[in-house]
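Chain nomenclature is as follows: A, B, C, D, E and F, assigned in order of appearance, with residue numbering initiated at 1 for each chain independently.
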Amino acid sequence: MDTAALLMLIYVLVLASFLGFELISKVPPTLHTPLMSGSNAISGITIVGALIATNEMGFTTLSKWLGMFALVLATINVVGGYAVTDRMLKMFKKK
Amino acid sequence: MDTAALLMLIYVLVLASFLGFELISKVPPTLHTPLMSGSNAISGITIVGALIATNEMGFTTLSKWLGMFALVLATINVVGGYAVTDRMLKMFKKK
Amino acid sequence: MSSIVQVAYLVSSILFVMGIKFLGKTKDARRGNFLSAIGMLIAVVATLVTLDILTFVEIFACILVGGAIGLYYAKKVEMTQIPEMVALFNGFGGIASLAVALSDHFLKTEVLQVEIDTVNSVSIIASVLIGGVTFTGSMVAWMKLNGKISGQPIMFTGQHLLNLLLLVAFLGVAVMTYLFQIEPIYITILVVIALLVGVLIVIPIGGADMPVVISLLNSYSGMAACATGFILNNNVLIVAGSLVGASGIILTQIMCKAMNRSLMNVLLGGFGQTVAAGPQDGPQIVIKEVGVEEAAMLFDSASSVIVVPGYGMAVAQAQHVIRELMEQCEKRNIDFRFAIHPVAGRMPGHMNVLLAEANISYDKLIEMEAINDDFSNTDLVFVVGANDVVNPAARTNPQSPIYGMPILNADKARTVIVSKRSMGKGYAGIENELFGYPNCLMLFGDAKQTITKVVGEMKEMA
Amino acid sequence: MSSIVQVAYLVSSILFVMGIKFLGKTKDARRGNFLSAIGMLIAVVATLVTLDILTFVEIFACILVGGAIGLYYAKKVEMTQIPEMVALFNGFGGIASLAVALSDHFLKTEVLQVEIDTVNSVSIIASVLIGGVTFTGSMVAWMKLNGKISGQPIMFTGQHLLNLLLLVAFLGVAVMTYLFQIEPIYITILVVIALLVGVLIVIPIGGADMPVVISLLNSYSGMAACATGFILNNNVLIVAGSLVGASGIILTQIMCKAMNRSLMNVLLGGFGQTVAAGPQDGPQIVIKEVGVEEAAMLFDSASSVIVVPGYGMAVAQAQHVIRELMEQCEKRNIDFRFAIHPVAGRMPGHMNVLLAEANISYDKLIEMEAINDDFSNTDLVFVVGANDVVNPAARTNPQSPIYGMPILNADKARTVIVSKRSMGKGYAGIENELFGYPNCLMLFGDAKQTITKVVGEMKEMA
Amino acid sequence: MKIGVLKETKEFENRVALSPDVVKLLKKKEFEVLVQAVAGEASYFLDKDYTDAGAEVVSLENVFQADVILKVNILTLEEINQMKPGSACISYMYAYQHPDVIEALNKKNITSFSMDAVPRISRAQKMDALSSQANLAGYKAVLLGANHLGKIFPLMMTASGTITPAKVLIFGAGVAGLQAIATAKRLGAIVECTDVRPETKEQVESLGGRFLTVEGAEGVKVEGGYAKEVSAEFLEKQQQLIREKIKEADLVITTALVMGKKSPILVTEDMVKTMKTGSVIVDMAVESGGNCEISVKNETVVKYGVTLIGESNLPSLLPVNASQLYATNISTLLLHLANAQGFIFDPEEEIAKGVLITQDGQLVHAFTKSILKV
Amino acid sequence: MKIGVLKETKEFENRVALSPDVVKLLKKKEFEVLVQAVAGEASYFLDKDYTDAGAEVVSLENVFQADVILKVNILTLEEINQMKPGSACISYMYAYQHPDVIEALNKKNITSFSMDAVPRISRAQKMDALSSQANLAGYKAVLLGANHLGKIFPLMMTASGTITPAKVLIFGAGVAGLQAIATAKRLGAIVECTDVRPETKEQVESLGGRFLTVEGAEGVKVEGGYAKEVSAEFLEKQQQLIREKIKEADLVITTALVMGKKSPILVTEDMVKTMKTGSVIVDMAVESGGNCEISVKNETVVKYGVTLIGESNLPSLLPVNASQLYATNISTLLLHLANAQGFIFDPEEEIAKGVLITQDGQLVHAFTKSILKV
């Protein structure tokens, strides 16, 4: 990777991190768990990496197997994460 | 400019804009003017562009003259902006 | 990668940002979750577009399996088990990041046989470390929470030393991994160390602190995804990963604050258990604390509130701020009354004098006999500096010095919040087991000060 | 561009982010400004590093000239003229962006004779438009503020139509500029239109709304810088520009809200003047309103406060919330007292009864004779529902029915805030010219309600 | 100029026209002050306090050397007899009730000023003894009433049962009425009040009282803050309201006055019969005829199980404060009319015109003349 | 079981042992109630109210047919004479002060219970007449004192000058003292209080009073909420403090009691001399010897310019509430000891043991025995 490209990635990293900091400021305590769960689902974005890794042709390489392993788990994380967050949030609706 | 590079720039733009939104949330009214003045000074960053434009060799091109024009004005903006903001903020210090 | 995919990634990045933003707002949270799910979908679809059509079978198989499992557990799980579920999912995310990093490592070293450049190598190592720690850490948290292992902090001498040694070892092996990329042994050792560290970090922390730990590990799994982004040179991974990484840290901090703990304190472990500041004598009462913010949320969501004032209200001179609390509640159409116990305070009519001073109208003050049956239909009872007058021992424990004294049935309410400074005793000098009841939350601090804060929070919510 | 420069740009971007963040916090604001200045310095130095050593002379000359002018005006300007100064500086920033864009355009079309790609072209056009509007808009604002032209909204029929036409024209010419890059005429027309639009946008807006307009134009100048960043493919310009652009918009919105206006309302113009809600009879009293947030700031920054309660406090039953205000002030070590006029209220001792009810200790209540000389050394007098007892007519106007009645010298204080519901009269049924004094601010609304809000704001500031 | 302060001779009068503090103030303005021996005793002001303040404590006869005599109550014929011809006096006079005194004053060519006639304008507030004394009376009425009641005022929830709060009903929200509301409220009672002047609603509520509005009644005329005659329809509706409310009252305080007239009867004998045994009525209007049909001036009687308190001079039961405030009022008026050299007032000036009763052997006060039809 | 209620015969006693409300309650529990004619009159309870509630209103002699006689004050020898042998009685007794009555009771084999001996434990609070009456007394003491004071309590800034708030000094922060603080504070006075028990500081402050701490004093013994004897050093330091503070007080209320002993002298004659003329002392301990050296039981006297109120039965001045609360107390005790069939108490049970004075012709009460040394 050339430095210019790396630097761009770092820009993105830095700005996104700042943004992450700023977004969460005053969260009411009841939302702590859903927020945690919801952002956990987002961290399942690693699924994109897993997809790319699984893209490896043939079943001979360790890489492919690792990719598939990652894909299954990442999918669990993503699907389960979003679903469970939604369930939680549904409960919060005011009586 | 290739699209990949443009996209990176847009990433930066988008993230920075979000960040700009989030950073300013509850500003006490006395800080409105200093904040405006201070961020006005930051918008003088166009001084960097002016520097690059002034870099044009020889004094024959319109570009160079425009660059120098820009440089003077941008400098006024930057230097004046920071100085006046600082003066304002100094006044707020508790007696 | 085609630019359309990149644009899609940009869109999903934006959706993640908005998703997280909304998740922090009570009324928008569900929409936030939905937006971020859409973002995820877009990212996945966009990625699929770039992929080789031939691998679709495996990919769909994996997605199907993973999706089914995820959905099944998400639907099946009991609401009370959600924290453990989050821990579990989080662990999977971490191990997935680790696996992707490994996959890339082996792809480059074994299949493509190219050299891995520094940036990539560092990213892989980071991903392995963070992903590994996230995984085993989450697993331990999960087991602690669902009781598969004891929730007690597990400590042994030399724990900190061991951690330090492992860290040094990791750094050493990491350098080796970089230098001798072909040798799979080094990266394997890295994986092992990372997994070990995850376990060691979490076992000394007590079960009560697990939510904080999970939140922290969640932040880690974001960072792992971010590292993976650097490996694959992928923006959406970086954005989403760093968003989660950063917001996770802040959330962890907020949670710590809400629990009145410092992050350091939690991480160093061993101070685990929420204080069971029990007495020397008698059985240990294990209590739950509540923060002012959560207390404010509870008021906000109640539809009926009964305040039980006691001598502590008089000591704190909290009557005026309680009137404010009343105003806040009445603005929300919450039914708000006072239950006056005949001997609350230290003189007959003590509460009456003070509440009259605070201009609380007489018809809000209900006598014990008249209100005692209403507690069981009440969402929230707020006990302010009262103790003996709500002590269930008066009903149940013939040995107690207050046995036979009629008391207010505060314990019968759905939720009870008790405002007092400490676990200090009342006039009768006895323990109050109400404080350990499952529906009871302690709001520690001087009544006037804490209630002022609660009111402040409520004003903000409005 | 060397990567060291890029890293420097990254660092200055981070400093800008932190700078803006801190500028929004009372106690960190100065540090924030300093940080962002450092960021600017780093960006400039880094850019200089990449430049041709031979052009340094011109560059330094320009910087010297610009710097000197900037510094001179910044030092010289009266504190009251700061808003105009900001407008002026802002205009310069806008025109600089425009000039840089033009420079790049001519560089490419005339010197290098290369084709300008779409992205670049769009960026140049955007920069011209936004930069031009910012410039002339700011200039008009500046002139309105310093009285070079009338602060009255200037309106004529067909104004909106003209704006629309200009916009269409701009779009047309923009396309031409892109298609026939070589022809300098098109871009020149663009510049002219942009400058014209700037003027037209601002002239219909009244002088009182200028701060909002300047804030908006400030946001524009950020966007212009951002567009320049796209032209030059420069991250720091993009980050800084978009930070300012976005935060400027939000700030504008906040300012509108603080002034109880909507942004739309301001931009459509013509509603300019702050209401001079005077009476039918007698001379028009022109008053200044103050919002709860600003009132809270004034309390926060005062070091001595005297409250003058009157009959309105009794009507509003505001005594309890005034005690809270007192607590907030005393927490800040602000000297806080009450000036009790002998006939405030409707019965002898009316104020005493109420303030005693609110548990305000007797030694805070000062008699008129004892406190009347202290007003002139007082930062802030807060008149709560009092009217006749602070009416200077009693001193000055022999015709007045209250002439000869001793009054509290509230008007002598540095700042006076008056809390009442309207311009309604007091018991004596006469106008109170105090309300029109330059040091007097009206805080309209029921005393209890508004003071509750002020206290809320103060709690947040703490 | 010499000021003379007489000891009050009226029965049950504990006040005195000047307090030592005010004497000090007058001495500073170079007045001479003669105080009759033991004049202040009932207000707990000792002769020593007066001499310390700069007054001369003298015998009764010597007081009459003064150029102006200050008193609380109107001068007796006897006292006027002893006065220097051409001197002056200031006190409460209610001149329209005392044509004989006016005659005597005129005979001796004495200039007299009446404290009860101070106009109710802003700059005269410091001289307004009616207000200052009514204020104290309002407080005292509640205390007296509370003391005669067999129960306590506040709500109290105790182990031995709940004591319900006392209900206090107040008629008339003038100065005395408002202070009574404030005091009863402070002590924890539930307070209700009614008045003919509609603006008093807000005032009553500002003190935490409940205002009883006479529904659909018009025809109340108010002049200069005083209630003038009200329509018959209003009175009837008001009677209805009172009849209903009085049954539940524990303490009733009546303060309704109509300037220069006999005060209105608000509580009839019939109504008293319907009241709870043990309840109490304080009739503050008893001096001018009473608001209660069967209250007895200066007596506390029990009729139909109800205690009727007819104390006509409530301020005098708080002599320390009452004298202190009265002294401020009277001295402020004196300083408005005179300096150490003598009187300097302009008889056309609003305040002077308001208070001046007799001058140069003539009754000059318009309102008094109108009532006495002279 | 038949309950008899006698009319109180003690001087100045307005209370009665049962209120009509409580009669109703007892009727529901199937007791029979005999009330002597006009027994409740002084508390404004009419005979009709009692018959309406289900009681029989009977003549004095007929009351003695009851199985248990309820009274406020201890039975007289005469009354005991008329009682059925073997019957019972409940009232205040202060048995250790009345050996003659005990003898008489024992002679007639009457089981007697004393209201003043109810143990101060949580579950007996509803029977605790000492507290319920002391509470009312605290309120009344302030009202009486305020009524005798020549000035008002609250601070008032008026056009006619500022009235400074009254200073109220209270000794003893027991039940009565605390209620006095609350009441005086409500009325707007500045209230200061001192007590030997250190925990009362917080209690005083919780009511807005200022606590006067006796510096550096130790040696206060507290037992079961009652103050026991204190050290000489403490008393001396306390005297010092009082001497200083009492000079500025307008109203002093003393409530200091030491159970079973003569109450401590806190205000000496010397101190009274240093007080302001017109100030007032209410000695609530006058029944047990008084906290003020020169107060006179049941009299209001003026000495050295200070009004000394020696009212020994303050609750009786609020007869409605006092009777109502006492009735709850005594009936709760009765229901604890008996049902409609008769007495069922266990003499070893804490409350019964506490209140039982004589049984089976014997004095059985430990504390009384210890004091009477029998």
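Simple rule for what comes next: contacts are C-beta pairs under 8 Å (C-beta built on N, C-alpha and C of every residue); 3 or more make two chains touch, one makes a residue touch a chain.
Note that the structure is predicted; figures quoted are calculated from it, not measured.
A.B. asks: If you check the contacts of subunit C and subunit D, which chains show up for both?
C.D. replies: A, B, E, F
A.B. asks: Moving only from a chain to one it touches, give the least number of moves from subunit B to subunit C.
C.D. replies: The least step count works out to 1.
A.B. asks: How much rotation, in degrees rounded to the nearest 5, is required to superimpose subunit A onto subunit B on the basis of Cα coordinates?
C.D. replies: In degrees, rounded to 5: 180.
A.B. asks: Determine which of the two chain pairs, D-E or B-D, is joined by the larger number of C-beta pairs in contact.
C.D. replies: B-D
A.B. asks: Regarding the subunit E and subunit F pair, does the interface count as same (over half of residue numbers shared) or different (under half shared)?
C.D. replies: same
A.B. asks: Using CA atom averages as chain centres, what separation in Å is found between subunit B and subunit F?
C.D. replies: 82
A.B. asks: What whole-number Å value describes the gap between the mean CA coordinates of subunit E and subunit F?
C.D. replies: Subunit E and subunit F have C-alpha centres separated by 39 Å.
A.B. asks: Taking the mean of the C-alpha atoms as each chain's centre, how many Å separate subunit A from subunit C?
C.D. replies: Once rounded, the distance between the two centres reads 19 Å.
A.B. asks: Distance-wise, how many Å sit between the C-alpha centres of subunit D and subunit F, to the nearest whole number?
C.D. replies: Roughly 69 Å, centre to centre.
A.B. asks: Would you give the residues of subunit C that are in contact with at least 2 other chains, written as numbers and ranges?
C.D. replies: Answer for subunit C, listing residues that touch two or more other chains: 13, 17, 21, 235, 239, 317, 342-343, 348-349, 353, 357, 359, 460.
A.B. asks: At least two other chains touched by the same residue of subunit F: list those residues.
C.D. replies: Residues 125-126, 131-132, 135, 154, 156, 158-161, 163, 186, 188, 208 of subunit F each touch two or more of the other chains.
A.B. asks: Among all residues of subunit A, which ones touch two or more of the remaining chains?
C.D. replies: Only 8, 11-12, 15-16, 18-19, 22-23, 25 qualify.
A.B. asks: What are all the touching pairs of chains?
C.D. replies: Here the touching chain pairs work out to A-B, A-C, A-D, B-C, B-D, C-D, C-E, C-F, D-E, D-F, E-F.
A.B. asks: Where on subunit C does subunit F make contact in their complex?
C.D. replies: Listed in rising order, the residues of subunit C that touch subunit F are 311, 314-315, 317, 342-343, 345-350, 353-354, 357, 388, 394, 401-405, 428.
A.B. asks: If you look only at subunit D, which of its residues touch subunit B in the complex?
C.D. replies: That would be residues 13, 16-17, 19-21, 23-26, 29-30, 32-34, 36-37, 39-40, 43-44, 47-48, 51-52, 54-55, 58-59, 62-63, 65-67, 69-71, 73-75, 77, 79, 82-83, 85-86, 89-90, 92-93, 95-100, 102-104, 106-107, 110-111, 117, 119-120, 211, 214-215, 218, 221-222, 224-226, 228-251, 254-255, 258, 291, 293-294, 296-297, 300-301, 303, 460-461 of subunit D.
A.B. asks: Could you please specify the touching residues of subunit F with respect to subunit E in the complex?
C.D. replies: 14, 43-44, 46, 125-126, 128-129, 131-132, 135-136, 139-140, 143-144, 146-147, 149-152, 154, 156, 158-161, 163, 183, 186-188, 276-278, 305, 318-321, 324-326, 328-329
A.B. asks: How about subunit B: which of its residues touch subunit A in the complex?
C.D. replies: Per the touch definition, subunit B meets subunit A at residues 8, 11-12, 15-16, 18-19, 22-23, 25.
A.B. asks: For a test of understanding, state which residues of subunit C touch subunit E in their complex under the given definition.
C.D. replies: 340-343, 348-349, 351-353, 356, 359, 362, 365, 367-368
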